[in-house]
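A, B, C, D, E, F, G, H, I and J are the chain letters, set down in written order, and residue numbers restart from 1 in every chain.
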Amino acid sequence: MLFHVRMDVCIPHDVPAETAMKLKADEKTRFQQLQRSGQWRHIWRIVGQYSNVSVFDVASGSELHDLLLSLPLFPYMEITVMPLCRHPSSLHDDDR
Amino acid sequence: MLFHVRMDVCIPHDVPAETAMKLKADEKTRFQQLQRSGQWRHIWRIVGQYSNVSVFDVASGSELHDLLLSLPLFPYMEITVMPLCRHPSSLHDDDR
Amino acid sequence: MLFHVRMDVCIPHDVPAETAMKLKADEKTRFQQLQRSGQWRHIWRIVGQYSNVSVFDVASGSELHDLLLSLPLFPYMEITVMPLCRHPSSLHDDDR
Amino acid sequence: MLFHVRMDVCIPHDVPAETAMKLKADEKTRFQQLQRSGQWRHIWRIVGQYSNVSVFDVASGSELHDLLLSLPLFPYMEITVMPLCRHPSSLHDDDR
Amino acid sequence: MLFHVRMDVCIPHDVPAETAMKLKADEKTRFQQLQRSGQWRHIWRIVGQYSNVSVFDVASGSELHDLLLSLPLFPYMEITVMPLCRHPSSLHDDDR
Amino acid sequence: MLFHVRMDVCIPHDVPAETAMKLKADEKTRFQQLQRSGQWRHIWRIVGQYSNVSVFDVASGSELHDLLLSLPLFPYMEITVMPLCRHPSSLHDDDR
Amino acid sequence: MLFHVRMDVCIPHDVPAETAMKLKADEKTRFQQLQRSGQWRHIWRIVGQYSNVSVFDVASGSELHDLLLSLPLFPYMEITVMPLCRHPSSLHDDDR
Amino acid sequence: MLFHVRMDVCIPHDVPAETAMKLKADEKTRFQQLQRSGQWRHIWRIVGQYSNVSVFDVASGSELHDLLLSLPLFPYMEITVMPLCRHPSSLHDDDR
Amino acid sequence: MLFHVRMDVCIPHDVPAETAMKLKADEKTRFQQLQRSGQWRHIWRIVGQYSNVSVFDVASGSELHDLLLSLPLFPYMEITVMPLCRHPSSLHDDDR
Amino acid sequence: MLFHVRMDVCIPHDVPAETAMKLKADEKTRFQQLQRSGQWRHIWRIVGQYSNVSVFDVASGSELHDLLLSLPLFPYMEITVMPLCRHPSSLHDDDR
């Protein structure tokens, strides 16, 4: 199943710089695991924002929830989730 | 350049059924041209909505504007455009 | 998979009364099919609104999309979909 | 009487970790009392959010207000309440 | 049980004047029945709006829903419902 | 003159507990003075919120402003004011 | 008593031109009566909008409500009302 | 004086095609007059919208209001106006 | 030129009481200078809010910007500016 | 490519004054580099706000993203980006 996820990151300015840097490094590692596994199928930066637009390919909503909760930056992100499905006009059998 | 585009279609209920059907057929034809050319790179339905989320891959904002205006359903769509760029954490050199 | 769906119905006042009554009767029939099949698991009226809050239990987002599109009142409804999952504190193994 | 309640939890990042953990443990205990008593009839997680959607079955609005105020996380939650009633098309006599 | 209800009336300008006048007269009759029965406990005009703020005193949410649906202007009103309860600081035992 | 006032209380979590308790006790005392004088004519809790809906009966907007500013919790409340007037359909001469 | 009133006019494009012109002429006549009487104390156009910002000086909210209802364009206006009072820092005893 | 103006055009679908085309041609003529006079200093299309972002250079708010009202598409546009001034960091003496 | 300005003051609760009192005294002094000069032409309190609605009479947007920036409470205010002009129906030649 | 960018600056009041002054001086230096290079083509202050409206002329969305991230005040700004293109009615071949 495909989900469209937007993540807006906002780390409060009184979080110490090292803590923030550590969080971002851990986030990158976790992200790359999920990109390699194919669950985090697409990711793009939104121009001018500390935000991304992503597409996840997972077995269920529960699996997506567990993945998102496992992100080190989860406590500092506003997350918006929209379930997607194949578009009937598409020429491709399997748009992911 | 990549752009994230959301289209929400709303055909007023007093548009005659044949007109609406013709518009949708023309839209599908035009969409498939743009999908084949690679300019309309991704499309997904949003579950429960007469809406899509798409990613366009075009040379400029002007090219995108001309493509969107050429859509037969343009007068009946609310369109939201966000410029995208590559995410710095991505393992892929060229995320499109 | 579980989805939380809110439907706000708005039939324009210039739709003829018989057409509206027919639509509502068809909607009821279709709803009861889906309630019997277990896919439309819960439904409640929101007090004072021509709206419902529902929980669907389906195999995927695509199945939900097809069910919603099959509703006779679909063109006259604003629909909001939220994917749900089991709450970790629940005493029940299978909250549906 | 049935009420639809959405709770969005937001514990500020400067609340000490132990305090937060204690609050969550107490919340879980209180929740399970209310689930056992049948007053907190349904609960689901919203995918990707530290939020739940719930249905309460109580004698009155006052009873609901007292239950919600008794939750340890009450000061850290944004709560939205909608009164519900039986849907006239339902095949069941008693949808709860 | 007490409910706070706001009603914003909007009769489209192409409804014939006699139909509108008839609707308003019927609304007034129905309102006065409910005011006499004590179910429609308070009503005030909001200055400058074709709107009212009301307090209903009913046995349940279902009873309120049925009352609101019985209003002749229901199809032309946007209705907002909030359940109320006694304020703990009040000097009165029974604030209605 | 009648005014509809909604007050949403939000005491920041870093205000010391005793300060908060003192503020609430003072608020209650002041509220009861104004309830006795008849200026604070109605008050109700909104179910699930640390908020009230009230009706004030005062000589002018200036009098209301001075009353609201005199509330100990004023700095911690979001206040919304709507002027009210008698509803023309009411059976009562003097709805307050 | 002083009230701040914003009026946004929106005459639907299918109202016949003569009807609209008649409404506007009647509105102007009524406005000038109220300006002469001193009840409609200030009026300004908002640049680029078919809207005005006004200050009314009336005995009560009821008087304001009756004045606004008497405006020929009332059915085509969205009206926002805010009660005002004298600012404590003002050098003038009577700011109107 | 400089003003930032955004115009969102929305011609209802039941306006006859010739009327719409005539309106657009007249709008273009009027726009070019104002561009030549230097009053309509900048104009850009917003990608994907039937909207423009413009900068006007006029003697006063009144002059701007009269210009905007003189636009043939004025009745079909939502207009947002923001007054601008020179930015203190700019290297240019006269940013227009 | 006339501008409509709304100022909503919000001094964070951790600003020391003396600092806040000093800011308010300085604000009052500066306000009265501008009221005497005729640039701050009108000011009113909004009932129930720590906010004012004002009308400024200045030579340009730049002059207004400099005046607003010179206010001691500027860093603690949310400010909304709307350019105004004379209303064509007004009986007065010079509404300020 | 042209982009319309609005930046709203909000430096929290507990950032030390020297830090804030240093940030603003660095921001000014960086801005002037980009103004000289022609990438930051237009900038205006919005009257009454600590905000600017700007037009950037860059090769791509990625270039814009990198420029915005390089701004010393980036962590304290809310940024809104809209892609622009030439307006078809413009008399100029190259509106920048």
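In the analysis below, a residue touches a chain if its C-beta (ideal position, glycine included) is under 8 Å from a C-beta of that chain, and two chains touch if they have at least 3 such contacts.
Note that the coordinates shown come from a computational prediction; the quantities given were computed from them, not determined experimentally.
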Joint neighbours of subunit H and subunit C, given as chain labels
B
Note: among H-I, A-B or B-C, over half of the B-H contact pairs reappear in B-C
Relative to subunit D, which chain's C-alpha centre is the most remote?
H
Result of counting contacting C-beta pairs for H-I and B-C, higher pair:
H-I
At the largest C-alpha centroid distance from subunit I we find chain C
For the pair subunit C and subunit D, the C-alpha centroid-to-centroid distance in angstrom is 22
When the centre of a chain is set as the mean of its C-alpha atoms, what distance in Å lies between subunit C and subunit G?
44
Computed distance of Cα centres, subunit H from subunit A, in Å
40
Provide the list of subunit B residues touching at least two other chains, using ranges where the numbers run on.
2-3, 14, 45, 47, 61-62, 64-65, 81-86
Listing of all chain pairs that touch each other, if any do
A-B, A-C, A-D, A-J, B-C, B-H, B-J, C-D, C-E, D-E, D-F, E-F, E-G, F-G, F-I, G-H, G-I, H-I, H-J, I-J
Which of the residues in subunit J come into contact with subunit B in the complex?
1-3, 60-62, 64-65, 81-86
Interface with subunit I, subunit J side, in the complex: residues 13-14, 45, 47-49
Quick one: which bits of subunit C touch subunit B in the complex? Just the residue numbers, please.
3, 5, 12, 14-15, 61-62, 64-65, 68, 75-76, 79-81
Per the touch rule above, subunit D residues touching subunit C in the complex are 2, 4, 27-28, 31-32, 35-36, 42-47, 52-53, 55, 82-92, 95
